[in-house]
Amino acid sequence: MSDAQPRVGIVMGSDSDWPTMQAAAEALTEFDIAYEADVVSAHRMPTEMLDYGRRAHERGLEVIIAGAGGAAHLPGMLAAVTPLPVIGVPVPLRHLDGMDSLLSIVQMPAGVPVATVSIGNARNAGLLAARILAAGDPELTSAMLRFQETLADTARAKGAAVRDATQSR
Amino acid sequence: MSDAQPRVGIVMGSDSDWPTMQAAAEALTEFDIAYEADVVSAHRMPTEMLDYGRRAHERGLEVIIAGAGGAAHLPGMLAAVTPLPVIGVPVPLRHLDGMDSLLSIVQMPAGVPVATVSIGNARNAGLLAARILAAGDPELTSAMLRFQETLADTARAKGAAVRDATQSR
Amino acid sequence: MSDAQPRVGIVMGSDSDWPTMQAAAEALTEFDIAYEADVVSAHRMPTEMLDYGRRAHERGLEVIIAGAGGAAHLPGMLAAVTPLPVIGVPVPLRHLDGMDSLLSIVQMPAGVPVATVSIGNARNAGLLAARILAAGDPELTSAMLRFQETLADTARAKGAAVRDATQSR
Amino acid sequence: MSDAQPRVGIVMGSDSDWPTMQAAAEALTEFDIAYEADVVSAHRMPTEMLDYGRRAHERGLEVIIAGAGGAAHLPGMLAAVTPLPVIGVPVPLRHLDGMDSLLSIVQMPAGVPVATVSIGNARNAGLLAARILAAGDPELTSAMLRFQETLADTARAKGAAVRDATQSR
Amino acid sequence: MSDAQPRVGIVMGSDSDWPTMQAAAEALTEFDIAYEADVVSAHRMPTEMLDYGRRAHERGLEVIIAGAGGAAHLPGMLAAVTPLPVIGVPVPLRHLDGMDSLLSIVQMPAGVPVATVSIGNARNAGLLAARILAAGDPELTSAMLRFQETLADTARAKGAAVRDATQSR
Amino acid sequence: MSDAQPRVGIVMGSDSDWPTMQAAAEALTEFDIAYEADVVSAHRMPTEMLDYGRRAHERGLEVIIAGAGGAAHLPGMLAAVTPLPVIGVPVPLRHLDGMDSLLSIVQMPAGVPVATVSIGNARNAGLLAARILAAGDPELTSAMLRFQETLADTARAKGAAVRDATQSR
Amino acid sequence: MSDAQPRVGIVMGSDSDWPTMQAAAEALTEFDIAYEADVVSAHRMPTEMLDYGRRAHERGLEVIIAGAGGAAHLPGMLAAVTPLPVIGVPVPLRHLDGMDSLLSIVQMPAGVPVATVSIGNARNAGLLAARILAAGDPELTSAMLRFQETLADTARAKGAAVRDATQSR
Amino acid sequence: MSDAQPRVGIVMGSDSDWPTMQAAAEALTEFDIAYEADVVSAHRMPTEMLDYGRRAHERGLEVIIAGAGGAAHLPGMLAAVTPLPVIGVPVPLRHLDGMDSLLSIVQMPAGVPVATVSIGNARNAGLLAARILAAGDPELTSAMLRFQETLADTARAKGAAVRDATQSR
């Protein structure tokens, strides 16, 4: 994380979510987007959690990424108190394969949206934040287009590998 | 609701949950337990929601019953700020038959329990509150035992009806 | 829809999705955000669908909202060709209550995120688009904060209704 | 377990459930609440199971915690014969990840509630019992409030760890 | 129901299950097998329920058919106290389409089997009882073979209807 | 159905499946592909069902379409005895929304494939049969390409309708 | 397996199911019930499978136990051609935890019942067969009652172990 | 893969799917059917993916086999642009056991069918392609019939193994 003013806040309910969530941080770093990361538990420090959400846009944050598992309330509660877009990452726990996390995050009532990404896929949360910030930023838009071209190049290289594997038979 | 000091607080995210939740009130009335009912939305009035939870035991409440649907965060968020037992009622919405409500309520992390009852079954929430208050109250315990005997009597009467129906063939 | 340059594109696979999707348009209208709406079927007009996605940011769109049901490929395919944030609305079909739509939209692979909202909840898609556009726009941010205060006011009024209903007993 | 008169009975269908269920005992010990633990199988010793439930409140128990897996009938059957609050812990078995245990415990019919906690989360069952006993006990209420403050402190410390991890990059 | 000594006992938790369960009675009547029907609620009259199960084989019953919904404990509890084969019918309730009923009945632990049939399919429970009684009874075996031939005849007639419908186009 | 030698056999377990299955017949008619339709029940006339499957390719059939619901065994059993491609249509029954039908049809073991289409979507079964027959038939391939262009045209027209609806506001 | 005339046929789709299914054989051996075991694949040898089912009661078998996984058709297809009671064991495969096997076996249409036991629980299939054979056999009934008393004794001993474990603290 | 003109194209979203998908190639090799294999990602190289689909029948391919996982869009998108039959293989990812992959592939809208096989079962995709090509090819039909006889022989041998295992006891 650079010293720049963070534009994205990455929060999670416990440091045990960090191995999952750091992929969001890495994606943001690839796009040179400054971020901060913290533990903000909806169930264990609810007052500070609401404070975090309420003050986020005043502190200069533009997007919040929140990861949580099981009865995952963090993304939705933050979305209730911030005007910023909140991205939810369903963290899979030991049972139910993340289905409880997904439904607890995505099934928000009308009025309070959470932008939900796939189970355990914090990298996509970081990339979604980058897209949000890129809207209206030609440089970041170009970077995103280059990134997408890279995805294509990698996929093409993988195709060559599979073609070789089957050719040699 | 009598004028007595409420011992149970029944809360829900919207008045559209009231047709489901009033069965809790009715059960408490059967046991002469004073209650209050209110809308306390986790997502639409989070500060007041936390205040409600935080002050509940100071105001004399002994149990909280909270109903919510979809990404149902109300019971868990109240449980995070009150030392009281919180009973969660999964309210079924238009899709998924209440499975999202159930998982969002019951799958709470270690440290913050919610006493969950069956989908849409606010009556059982009221009866569970009565059992909780009956612990250490011989009179209420007797009332609960009488209630259970009534259940048995009703079931026996239903048996007679079925036996008659099959006898007459 | 005003004559202004649309900032949000609302697309769907069929006009049968419009009754669900127009709630997104209504939410945008509440925030005075210009939008366009169209049918862009991933399965029935794939070339035009890709063209739509590829040209969206060049045409001045800043967010895409895509609704689809069943094996719902539209949001993900658009996300593959646009640098813009894509919001996916799982439209429930006759069977499976939208669970297939949800999983087909949210479970995107690393690299290509879709911001998924709750099943059938196009209103939240519109509100999420408004939040995305509000990031860095003080006026829109204020409007969003006012909107959230309105949600609280409405919830408070509902509480009064429930309190009255129980008081009068 | 101290020599004190047990206030909570922890029961399970088999000693193979003990590794899961002992977390309930540990939670009670943290709050100096005396408990007893036993195997009371609904399917293998039904008469003694009903006797246990029927006599529980006469023996001075105030809460029953029952863990069971699969077609989990123990919590519900005990709730049928005791006026005490019964807390059910869905124990996950080798298949279905505890979903069968959860539904078999939580989906009780009107009249016979079971206070269900999350899958495999016996610690929460112990904490819920403590909350139930704390209702009307200022000392135990204070202990619960201190415990909740501890949860917050721990969460705050974890936040520091995550902030450090991201700072040093 | 004839005056003959009943060989099959059909029981259910409530008379509201009778519209589902009477299809079992009708199937038995087709095979001239005497039965009795009763309400025996596991949760509302547990002692009598166990008595019913324990005495069933002494009273001359040879098979028990038990229908129940939600956290359906009746079939399993009866199986715990009778040496007779117990057939379980998962009765679908208002939510979850009978999946909770099915899992609560079929997922019995080793030692206490319940012969589970399809959701809401009491007719198959009656036919399974007939098969069980037919084992070692040549006359009943012949009746079952004739019944199966009838199924085939009916299916063949339906085929003619479909062939006609398509022919006439 | 024309008098031509049928190339596709449409079979189902009961004539109650015909309202679902006739969409397959209609799709084939659109492509001028001769078919036959019949009731061939795996469970009620198993011998004739196997005969149907075993003789299908000898009678000139090139594809079999089989619809079934619940524990849907017809497509898989036919696939076991015919060398022809078998297309399975999961017919939804009153409970479980076709999920049981889908899994019973699609989850075939290695060696015996069934080409499964979406729940209740017999039209797609007919179209898949047309594609199979089109492989190696330039005329039918052209018809399929024209059909796909029609799908695009229809989708484009729907887009105009949605654009009009939003324009006029 | 003794030399006695087998009364129970245990069949499965592949020898890879034997590790699961042999628990049925062991249960029968405990009750001195003669059995035979064989591979009878619905999908790989359908004609012989139907022959097995059709001839089973003529060869003196009184119950068939059939295990299968995935799109599990063996129990239902045997039930279609035999007048005997067929017990189905859902064998869990690598994916879906046996849920596909369970639904494919239990959700049989009216007319053709399969007595389904819990996922992977072949021991219960053996015990259910013993109960079926015990109906009308006082000696086997006594053995079943003794077996049930043994279950109770074992459960009681486990209770002592748990009580000791908690006592010593 | 021989030098012959490929008749089947096997494609996948990433080379990480190759260990699953090569079973399709092996099945085709057993039937001497020439194939090609490639990575054609719907999300990472959408233009080339559509090109692949659009040109497939012109290049002489007769069947496409496409494997994908999670929000699996490849089979459906290819089906949208080719007149050829497309076989979809749901590749299971780390979470949800392939249920998301299955629903994303099979639940296609009317007009665009995908022939879906069981989760992770690429071998069956290869065999289904062989059946499709065998329709109208007597030699390939004979090969398929011989293959099915081999399946039966193998199953019979497995039966002998199980009979021996139980005999020797």
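Things to note:
Order of writing sets the labels: A, B, C, D, E, F, G and H. Residues in every chain begin at 1.
Here is the rule we go by: contacts are C-beta pairs under 8 Å (C-beta built on N, C-alpha and C of every residue); 3 or more make two chains touch, one makes a residue touch a chain.
In UniProt terms, the chains line up like this: A, B, C, D, E, F, G, H = N5-carboxyaminoimidazole ribonucleotide mutase.
Being a predicted model, the structure only gives us computed values, none of them experimental.
The rotation relating chain B to chain C, fitted on Cα atoms, comes to 90°, given as a multiple of 5. Centroids built from CA atoms put chain H at 49 Å from chain D. A separation of 35 Å divides the Cα centre of chain D from that of chain E. Chain centres here are Cα means. That of chain B falls 52 Å from that of chain H. A separation of 42 Å divides the Cα centre of chain A from that of chain F. Shared interface positions of chain G, i.e. residues touching 2 or more other chains, are given as 13-14, 43-44, 70-71, 80-81, 96-97, 99, 106-109, 111-112, 114, 118-119, 148, 151.
Annotation, chain-chain contacts: A-B, A-C, A-D, A-H, B-C, B-D, B-E, C-F, C-H, D-E, D-G, E-F, E-G, F-G, F-H, G-H (touch as defined at the top). Residue ranges on chain B touching chain E, taken from their complex, read 92, 97-99, 118-120, 148, 151-152, 154-156, 158-159, 161-163, 165-167, 169.
Of all residues in chain C, only 13-14, 42-44, 46-47, 50, 69-73, 76-77, 79-81, 93, 96, 99-100, 103-109, 111-112, 114 touch chain H in the complex they form. Of all residues in chain E, those touching chain B in their complex are 1, 12-15, 18, 22, 25, 29, 35-41, 43-45, 48, 70-71, 94-97.
Those residues of chain H that touch chain F in the shared complex are 57, 62-63, 80-81, 83-85, 87, 102, 106-119, 121, 123-125, 127-128, 131-136, 141, 144-145, 148, 151.
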